[in-house]
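Provided herewith is a single structure, encoded as structure tokens, for subsequent inquiry.
Chain naming follows the written order as A, B, C and D, and within any one chain the residues start at number 1.
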Amino acid sequence: MTYVTFPTGKSLDFTAIGRLCIDLNANEINRPMEETMTFTKYVGGSPANITIGMSRFGLKTAFIGKIADDQMGRFIADYLQKNHIDTTNVVTDHTGAVTGLAFTEIKSPTECSILMYRDNAADLRLTAEEVQEDIIAQAKVLLISGTALAQSPSREAVFQALQYAKKHGAVIVFDLDYRPYTWVSPEETAAYYNLAAEKCDIILGTREEFDMMERFEANPEHSDNVTASKWFDYSAKIVIIKHGKDGSIAYTKDGEGHRAQSFPAKVVKTFGAGDSYAAGFLYGVMQGWTLEKSMEFGSAAACIVISSHSCSDAMPSAEAVHDYIERCNRGEITAS
Amino acid sequence: MTYVTFPTGKSLDFTAIGRLCIDLNANEINRPMEETMTFTKYVGGSPANITIGMSRFGLKTAFIGKIADDQMGRFIADYLQKNHIDTTNVVTDHTGAVTGLAFTEIKSPTECSILMYRDNAADLRLTAEEVQEDIIAQAKVLLISGTALAQSPSREAVFQALQYAKKHGAVIVFDLDYRPYTWVSPEETAAYYNLAAEKCDIILGTREEFDMMERFEANPEHSDNVTASKWFDYSAKIVIIKHGKDGSIAYTKDGEGHRAQSFPAKVVKTFGAGDSYAAGFLYGVMQGWTLEKSMEFGSAAACIVISSHSCSDAMPSAEAVHDYIERCNRGEITAS
Amino acid sequence: MTYVTFPTGKSLDFTAIGRLCIDLNANEINRPMEETMTFTKYVGGSPANITIGMSRFGLKTAFIGKIADDQMGRFIADYLQKNHIDTTNVVTDHTGAVTGLAFTEIKSPTECSILMYRDNAADLRLTAEEVQEDIIAQAKVLLISGTALAQSPSREAVFQALQYAKKHGAVIVFDLDYRPYTWVSPEETAAYYNLAAEKCDIILGTREEFDMMERFEANPEHSDNVTASKWFDYSAKIVIIKHGKDGSIAYTKDGEGHRAQSFPAKVVKTFGAGDSYAAGFLYGVMQGWTLEKSMEFGSAAACIVISSHSCSDAMPSAEAVHDYIERCNRGEITAS
Amino acid sequence: MTYVTFPTGKSLDFTAIGRLCIDLNANEINRPMEETMTFTKYVGGSPANITIGMSRFGLKTAFIGKIADDQMGRFIADYLQKNHIDTTNVVTDHTGAVTGLAFTEIKSPTECSILMYRDNAADLRLTAEEVQEDIIAQAKVLLISGTALAQSPSREAVFQALQYAKKHGAVIVFDLDYRPYTWVSPEETAAYYNLAAEKCDIILGTREEFDMMERFEANPEHSDNVTASKWFDYSAKIVIIKHGKDGSIAYTKDGEGHRAQSFPAKVVKTFGAGDSYAAGFLYGVMQGWTLEKSMEFGSAAACIVISSHSCSDAMPSAEAVHDYIERCNRGEITAS
């Protein structure tokens, strides 16, 4: 059954708006960051990672965002271009903003944390006027990410992008990606997440992220059905609620909850799992696959990324994902 | 024909959320403010004035807002209570915010200006958590005012109030009341005005206010029909666009534009005209009158206020408005 | 004995830098402000009041400050000019700052309070570059006021003015005038008060103000001698410590503490007492009078002001002060 | 001749207050940072580097500063302790501030630049109350650094430290270390640099830094003599003005200008030259050496640091510096 119909006659498959930053990944791992002496630089930021993933799968993609006028910003733009992502709407800041940073700490494959630098981040300086309507007009899908809602003027830029996407019929995907540090208060967060989610066709988030959005609502048992129903009353067609190691469930307007198989992996770190899952899942849905097959593809893509050192650079090709699934099915891959 | 249906079985006729401030009106008028030596103090703020007007008409009203913890704040609360307005949800600030001020300058009946003090204003400190759901649940009408959208956390409080009003079936009225000084940029203003307007049943504003909201849209001829149609695609049933001395037009979903008779007045100043018009019009609509009769009642109420020294304190009773209309019809009142 | 020698050959007797604001004095007094309905507008701000006082005594004066680009700012400039105060260095703000306000509440002659509006005040926007060296070069005396140290860039403007005054040999007077509301913390306040006081020849303040400056020092018994001695180690020649109704003491470098006679008054309110005292005292010292006679003149000037409705407008002429002293001496004036 | 006398009977030789941060030095050098993929982490910040240098020379040292409550902050505290620096007065921030970062770019030995992260830096959150008087009371020398004056409350903490140093007779050294990015305006910078410099015994800076401080003064020919004389009128005994590759001159109150020999070096990068020079020079002066010999020692220490990858970690022992000088004198070291 088809839950979402994508527009045809568009020159771009996918565009995303929001955070572009630098990951500085610990080279010496399995120890506290205090004892890590060297770091390797990668492009990061959830919507950037997803876009890189989509491009690696062979889709035509573009990014809408803002970079600092410095070496880190230029590195990001170069990397996107090398990955065949259209950067026409990647604007350079001229206010002295800096590139957001994420230092990763990998104490063990399951104890990972991030030290964030988000003060005066360039990506949050994107304005509504800088969002190019024609990029969104050409795209089948617009993905928005919750971190871009954290501050003005980026917040207004996202609402403007939503307005353009509605006008031109793009399918809108909301990756909740809630990061408390850039927000003033949980009340403010809930307000803008809800206003944005009302306009979205596909919403992906963890149970905790949906709980945050229900701060002023009655869902005392944290019921997925109550959560999903609410959004089906607005624009949503698919609501994916992630329950950590208990797996993800894709709810659809017909009341169904779809689950998929998971795969073993030799886990290095957990970072990037969500982004690669989102990319894989959306790719599958855009190919017209069933939700189950799309979720399976997302899970396998995530396994590949969490077995590697980076998030963005490790994004696999579609062939690599298919191959991973086959090898798992043949029992060639076992968990670490 | 009935364009808006009001819920029944509610204990409150009307509630408003937003600005509560102090007007300091020049006692010596028809001169520049530099030469005004004494000022008289009144309660002010567009939603406060409208609520006072509704209460004077005999409706049961409540206000949702925030006052400074000082003499000005206490004066406001006292005045509302003396006017039979429920102040259960008028919260007192404890962060050291001050009461917004508006000094009026009346150089001549048609040359009026305002000197505003809006820095650190208490009314903009209202939070989403402070908005009481049960007040809105009991009310037939919720009126929001654009100035309350200008800053966090008041902005989120308004969106929360809209959420409660939708949930409980209150008719939502949006008085655009755009005041540039508290806003960061026109782009930010347009973003939040549009997000709020999508949820409203009745929208009142000047042509210039609607133009501001259409900053990112195509309405090059500033067509009222284009403007009104857009909002009918969302929740609106009535859109009133004011064209200054050319009069107001009430657009309805059936494509009609309704106009009403205007009245002569001995004008002292123009302040308060919009607020008394809004109160009179809404009162009429709530009585089940035609739009034309409601607009006429609003116009007559406005004539009474602009013939007086204050905005809030001059709000007339329904009898006084009816009497004014009759006297006009008998030719007893002529323009100044 | 001469404690301070004033430079000769200067075209200006006195200049002050700092706060220029508007007092809005309750017309209906002896009640809480909630019940006051009308207010009268006066120029206010401690250094402005002192300068007006000096000008009324017949001295040649100038003011260094910043006014809002609005009706209140223009009223202030006009009033200073009408009082023969040179406003060459009264700069107009162009950033949208407002005029500071002080609403007075007079519950009884001894229960007076002030409701201040100091957010985004124009006087605190004065920059170091705007301070004109030649005004200070021409002046015998520069008076600084503590409120101007509360924020950048006004704080730096004061330090620049002190630098010019040192360079050109002006006698520097520091009126502590500590008002907590514009300061971030007591630690910050103490830091800048002390840095400024090190450079001053005459320091006037209450015991409480000097206590605030000694936050990081050892003066557990709040000894005036400990306080005064500290400043004599820097530049001070006279330190006046005010003990409220117990009177003021002028300490001098020779270890003496000078006291003066006080006078009865029909008190309306206590506002303005300190400013008129400062003006009267400094006038006396500049005339070469003894400290005791100068303090007496200051006390009498204060009596006149506290018997009136305003602070600035009530500043007396020298003749009026002499006359008041004589009438007191003849027993014609008794306390209220 | 002895220009500065150090107090005796103190348990600490040296303490410094101010910036503590992390340097992230490019591992792949001689290229733009865009092409650098890995970075190595070091403790950084001018006063931290100088203190590490003094400790390596065998002096008893302490640091007064503030670190972020994160892995970077803990790494800094650990590193100081391992270098035998007393961290009793290294306070941990609890407001969510981050550790300042400096990414270095080494395009060639002479084309070096820094990409700074100074927003919300923990070191600038040190308060006056947190400065421990007894640390300063025990120290022969207090070194302050200009960057700590850039913002409140760190600025007030420095002035409080100066107050304690004056009270307890410590020799005060001011390392100008002017970094424009954390300052609001050049006028603000000049104001606080001058207020601090008035209280210092030894001042070190580049000609450009002294020019910045003379923004409001008349020194059109940028004369070193005019500059030095000004500070001798306050507390200064030695003023070192650095003229880049033309060498440094140490001015003394007797009107003399002292110069010293320089040494060849195999330069990797120029970072850290000033800090190691300052450490070496101060060490020499504290040993009672002539200014010339002290400057020579500073120059040799600088040569060692600029031949290495880091600033802090490369700080040499006194033996290593003596050895370097001897090898230079024997002609064993030549310039790169």
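In this text, a residue touches a chain if its C-beta (ideal position, glycine included) is under 8 Å from a C-beta of that chain, and two chains touch if they have at least 3 such contacts.
Everything quoted here is computed from the prediction, not taken from an experiment.
Think of each touching pair as a link: the shortest run of links from chain A to chain C has 2 of them. Between chain A and chain B, the centres computed from C-alpha atoms are 42 Å apart. Chain B and chain D have Cα centroids lying 61 Å from one another.
Centre to centre, using the average C-alpha position, chain B and chain C are separated by 44 Å.
Multi-chain contact residues of chain D, defined as those touching 2 or more other chains: none present. Chain-to-chain contact here is organised cyclically: the chains close a single ring, every chain touching exactly two others. Residue ranges on chain B touching chain C, taken from their complex, read 24, 27, 32-34, 36-41, 70-72, 74-75, 78, 96, 98, 101, 103, 105, 115, 117, 119-120, 181. Within the complex formed with chain B, the residues of chain A that make contact are 127-129, 152-153, 155-156, 159-160, 163, 184-185, 187-188, 190-192, 194-195, 216.
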